[in-house]
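Chains: A, B and C, in written order; residue numbering restarts at 1 for each.
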Amino acid sequence: MPELAYSLQAILFVATEPLHFNELAAAVDSTADDVRSSLNELKLKLKGTGLAVVEHEGAYRLVTAPEFAPVVKKFMISETRNDLSRAALETLAIIAYRGPITKLAIEEVRGVSSETMLKNLLQRGLIHAAGTSKEPGKPALYAVSHEFLQQFGLSNLSELPPIDGDDSA
Amino acid sequence: MTVSVAVESFEGPLGLLLELVEGGQMEVTSISITMLTQAYLDRIRRLNSHNPEELSEFLQLGCRLIHIKSLALLPQAGSDEQAEELNQLNIELEEYRHYQLAAATLARNSQHRTWQRQSVTKLDVSELPMPNIELGKLQEAFARAVRRAEPISPRGNIPAHLSQAEVTKRITDRLKSGSFELETLLIETKLRIAIIVTFLALLELIKSHAVRVVQQTQFDPIVIEAVNA
Amino acid sequence: MPELAYSLQAILFVATEPLHFNELAAAVDSTADDVRSSLNELKLKLKGTGLAVVEHEGAYRLVTAPEFAPVVKKFMISETRNDLSRAALETLAIIAYRGPITKLAIEEVRGVSSETMLKNLLQRGLIHAAGTSKEPGKPALYAVSHEFLQQFGLSNLSELPPIDGDDSA
């Protein structure tokens, strides 16, 4: 039987936003009290490791531990300073011209999984989630960001250079 | 003895043969090859597939089975060859079976799948170095991705092109309202094949003395005129 | 002085894609050897917790531990894609055990054309193109991806169950 504290850790790891302990309790089929004490236990267990639990207004998040902020920041800056890979540029182009667009639709154009590329572009602030599609499962839609437009000196997307994709040559 | 195995769907010819072999407790030997071939052919007859490619894959193995079966009818040499073919088929089936088992194990494993993080940690916008990309590169990348997404299929339909007759008609129609510069004709089309067709049509018209091509001095525009104009 | 193993954990936590140990070494200003041994140390430290490290082709990623699959799966209802078909699993098994492998070699084992299947697996990110073969025509080679290992709860390829004929099934 896996420990409750670590079940919570696994859930906080995959969660996309801070989770309230009621939500956590529902996810692990436990009482709010048990969850609260397990979260405290988890905080202790994580002491000294690379990760930590932070609480804000009753909602919990898994983050990197404060002691590692310098090394994490250095890494992230060097990552975002690198040029975009060919694959990332392609993904960005598809989002610019076809967005708002779902991950699946991007993958249909590119023919390969694009999850990593999307995260990379999100991290660089070039794209952002822009609501959800009406398709089943309500997948997230992605669009280019304000920073993207600024970067290219565009005041809006209609200023993107046209694509003469219709000559099929 | 009748072979009766209830199968919902076959994944492929080897999968079907394997099911017949295992379900009917037969072996791929000279003794049971006739029975196996019959059972296999019966099943592909009932195979409800409208996909000719898929059907051809099943037929391919069917032909192979018939061939192996027929080898026994030949005197002497045939039975050696049959033994060899049967041996080869057994090896292939055995290899296929290994992967089928491995796939089943993998499927069980997927109950213990793992997940990566779903959210993204971001630096403050002020700390985010923006990458250096030109708009042209972005445009190029989009064109590249779209082109790759719709590859020109070697088996697809050949796109309709202008025929020489059409171009000839276009030229003669235009000549009705006087002569014109060659360039205006070529400007309409960017496709190489269309340019070639245009030149062919023009050469044909010159040969039949319907048009004349005139250039006053070098580098002057080339003008097309009707001969009887 | 924070431990190297946990610095690596913090970096892997924020990374958007699997990181090669050379990249990790650059990020923490250490030698590749130190990083490799610290990663092994990290794997041990994480044993029994909610997280684990997956390694494939020299690149590392932090993931939820396989034991917590049921609880995480329940939490992630929205993210589930269709299950893999039997044929897809078979193709994956061949690529996992024999890869890097060409399309032709896969088709020889399966006895069926595998083009659509490969396209599908590429789109799901379960396999990736891994260079070209030296055979005439230089056909593309395919290998399983990090996604594949995650899908089947493996922390590296050597954990694949043995296959050589001894059918215990």
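What we mean here is this: contacts are C-beta pairs under 8 Å (C-beta built on N, C-alpha and C of every residue); 3 or more make two chains touch, one makes a residue touch a chain.
All values derive from a computational prediction rather than experimental measurement.
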Please indicate which chain is farthest from subunit C, where distance is taken between mean Cα coordinates of the chains.
B
So which chain ends up closest to the centre of the protein, judged by Cα positions averaged per chain?
C
Just give me the whole-number Å value for how far the CA centre of subunit A lies from that of subunit C.
20
Rounded to the nearest whole Å, what is the centre-to-centre distance of subunit B and subunit C, using the mean of the C-alpha atoms as each centre?
30
Could you put a whole-Å number on the gap between the CA centroids of subunit A and subunit B?
37
Subunit B residues touching 2+ other chains are 115-118, 120-121
Multi-chain contact sites of subunit C, meaning residues that touch two or more partners
13-14, 16, 62, 64-65, 67, 72, 76
Subunit C residues touching subunit B - in the complex, by the definition given at the top:
13-14, 16, 52, 54, 61-67, 69-70, 72-73, 76, 79, 84-87, 89-90, 92-94, 96-97, 109-113, 149-154, 160-161, 163-165, 167, 169
Flag every residue of subunit A that touches subunit C in the complex, lowest number first.
2-3, 5-11, 13-15, 27-28, 45, 48-51, 62, 64-65, 67-68, 71-72, 74-76, 78-79, 107-108, 111-113, 115-116, 119-120, 122-123, 137-138
So, in the complex, the side of subunit B touching subunit C is made of residues 11-14, 53-54, 57, 61, 92, 94-107, 109-118, 120-121
Subunit A-touching residues of subunit B, taken from the complex the two chains share
115-123, 125, 127-133, 135-139, 141-149, 159, 190-192
